[in-house]
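Should a chain be cited, it is by its letter among A, B, C and D, assigned in written order, with residues numbered from 1 in that chain.
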Amino acid sequence: MFDPRISIIDDRLSTIDRVIAVVSGKGGVGKSVIASTLALLLAKEGFKVGLLDVDFTSPTTHVVLNASGLQPIEDKGIVPPEIHGIKYMSLVFYLGNTISPLRGTELTNILLEILAYTCWGRLDILIIDMPPGISDLMLDMLKYVKRAGYLIVTTPSKMSFETVRKLIMLLKGLGAQIIGVVENMLMSGSTEYIRREVEALRERYLGGIHYDTSLEESLGNVEELLKTGFALELKSILQNIIM
Amino acid sequence: MAEAIISAVSEVADKENFKEVKSVLVLVGELQQVDREVLKFAITQLRPDKLAKTRFIIRVVRASFTCKACGHKWPFRESVLQDWVKEAIHFVPEVAHAYIRCPVCGSPDFEISGGRGVWIAGIRGER
Amino acid sequence: MFDPRISIIDDRLSTIDRVIAVVSGKGGVGKSVIASTLALLLAKEGFKVGLLDVDFTSPTTHVVLNASGLQPIEDKGIVPPEIHGIKYMSLVFYLGNTISPLRGTELTNILLEILAYTCWGRLDILIIDMPPGISDLMLDMLKYVKRAGYLIVTTPSKMSFETVRKLIMLLKGLGAQIIGVVENMLMSGSTEYIRREVEALRERYLGGIHYDTSLEESLGNVEELLKTGFALELKSILQNIIM
Amino acid sequence: MAEAIISAVSEVADKENFKEVKSVLVLVGELQQVDREVLKFAITQLRPDKLAKTRFIIRVVRASFTCKACGHKWPFRESVLQDWVKEAIHFVPEVAHAYIRCPVCGSPDFEISGGRGVWIAGIRGER
């Protein structure tokens, strides 16, 4: 038995110049707001950009983008709808507000399905928002999307870096491309703790983003979101790296 | 889907050093809701010269669920579902977990024990 | 074929009066600090308490408890080591600082192994710290530990409650026992948003815990941790409910 | 482990209405690192009167791994591991993912394709 989806994935992704997965291992560090805001920033700069939400049991990028009510079109595959200049794909299109508890084997199946049948067309960059944990979807990305570069997000907390360190070790061990580490939700001054730890692992510390009390209110309002200190700091950190 | 099948068959044919591929058996899960004739037609349109004479046999596999909480098995009956739900399950069968529950215990923790995906179950060719 | 582990789980848990799983669906909301601190508070009040960290790919409760270097004893099963008056069990005992990426089927196997072979002895309460996501381990808890009560944690954010709402709907649908919802990391005033949403779902809003800048530094120092505003607020919220 | 086996066997015997359980075939994964004689002795000590005459046959199943990234299969060779790692794998075989990598591609994404767990593969009795 032979699964034809696997042999078509590289084909489908061949029209995309660069694939960037936003990861952490840890939850709640800001992966989804960073992935969504990065996609918005890139679209505004004139890049052709796609955003894929792979946190299938608890997707959230649609909240940031206010993307409810969108529907993909079926035409020799699935054509993702466009919002704010981003080609956007999420399981939310098919789930509505219901819950879909999914086991790991099912998560793998969904990823394969989406990678094999989504027609992204020509893209400069595809951003992938990853779930927390170091489980099926992380292993599947490493297996099926070998070209992906990893943008790692942590908070200043040792609880958070405890997990991030392990993820970095995994990615390094497999020779995956690590773009660098973003430290999100700085409270007042940086402690330099994360920078030191990241550099000790010989990876790139990209910079810090402060905790921004105006972010929550701006979620769902893209104009407002792009004006927040959060978005400005994210832009200045990634300016020369991704944009 | 037709592209996926052709690309997979071509890959296997190359690997096996087939001069000619006689026939291909494709199993399509019922949940995929693919029309057999449409798929056959799409394959005919898209196949490269190398597969011009290949016979594509397409078989639909019935869908069934097995509950992981209580062990109950039941068949998929799409008639009870609304159109947009069918459409969603057509695209990704796993979203069934959002709309279907085990009829015995109410759990969403069931396995799609058949009827999902597309499989190339056999390729016959000549070297 | 018949897996003997499954038939022994109820036996193993039969010496435990109450099982409480700390859940959210969402990551980074404070499940692990709440689970650990709750266990510490209960031990201090004289309860016989156990703590089981089920976030196998990214365990963190050992950071809160400063529990490195502990080892369980094997004696007709696994006897969990005691720390700060808590019987404590974590995969960290066997992983050290290495990473163990694990697929869902493997997570299930580990859970069964631990539930079947850990000898908790007489306990008033066993606290289980759950991973984020609504996947294998959540479904396995519902399948194998039917007696568990669920203490749900959210932050004030709509991003967070987007997922928590779905989890509540799942638990309600299955008739699982929901203890109530704790709102963690309040910044200044409460917005009442979470309370209203929880009550609309006809569940119990237990109270809010403020963001506490002294918490991070106290992690690993149990004396200090129990003096934080975080611990005091957690105690007053759960006083009449769990203690 | 002996308790788990006895409790499972008793359960099945009740369900099947066995008056007497003749023999039980127990498969023990190599990764479990259980000494067959020790396990046999523990079972003899713990079994209830009902199972006094039952013959317990214990077989060890060799462990092997299959890489999900590249497909390579290889056998478990515990000799290369340090004692405390063996001890850890003895308790939960899945922690092998922290210490072992595929010898071909270096991936930790492998399956323990045999040699884990304890299984009751057969129970023969008289009604």
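The rule we apply is simple: a residue touches a chain if its C-beta (ideal position, glycine included) is under 8 Å from a C-beta of that chain, and two chains touch if they have at least 3 such contacts.
Please read all numbers here as calculations on a predicted model, not as lab measurements.
The pair with more inter-chain C-beta contacts, choosing from B-C and C-D, is C-D.
Note: the chain lying farthest from chain D is A, by mean C-alpha position.
Averaged C-alpha coordinates put the centre of chain A at 30 Å from the centre of chain B.
Chain B and chain C, compared by their mean Cα positions, are separated by 40 Å.
Each of the following residues of chain C touches two or more other chains: 98-99, 101-103, 139, 170. Residue numbers of chain D whose C-beta contacts span two or more other chains: 108-109. Listed in rising order, the residues of chain D touching chain C in the complex are 1, 3-5, 7-8, 11-12, 88, 91-95, 97-99, 108-109, 112, 116-121. Against chain B, in their complex, chain A makes its touches with residues 1-8, 11, 74, 76-78, 91, 93-96, 98-103, 106, 109-110, 113-114, 116-117.
Those residues of chain C lying in contact with chain A across their complex are 25-29, 32-33, 55, 57-58, 60, 63-64, 97-99, 101-105, 107, 131-136, 138-139, 155-160, 162-163, 166-167, 169-170, 187, 213, 216, 219. Per the touch definition, chain A reaches chain D in the complex via residues 139, 142-143, 170, 173-175.
Chain B meets chain C in the complex at residues 68-69, 101, 106-109.
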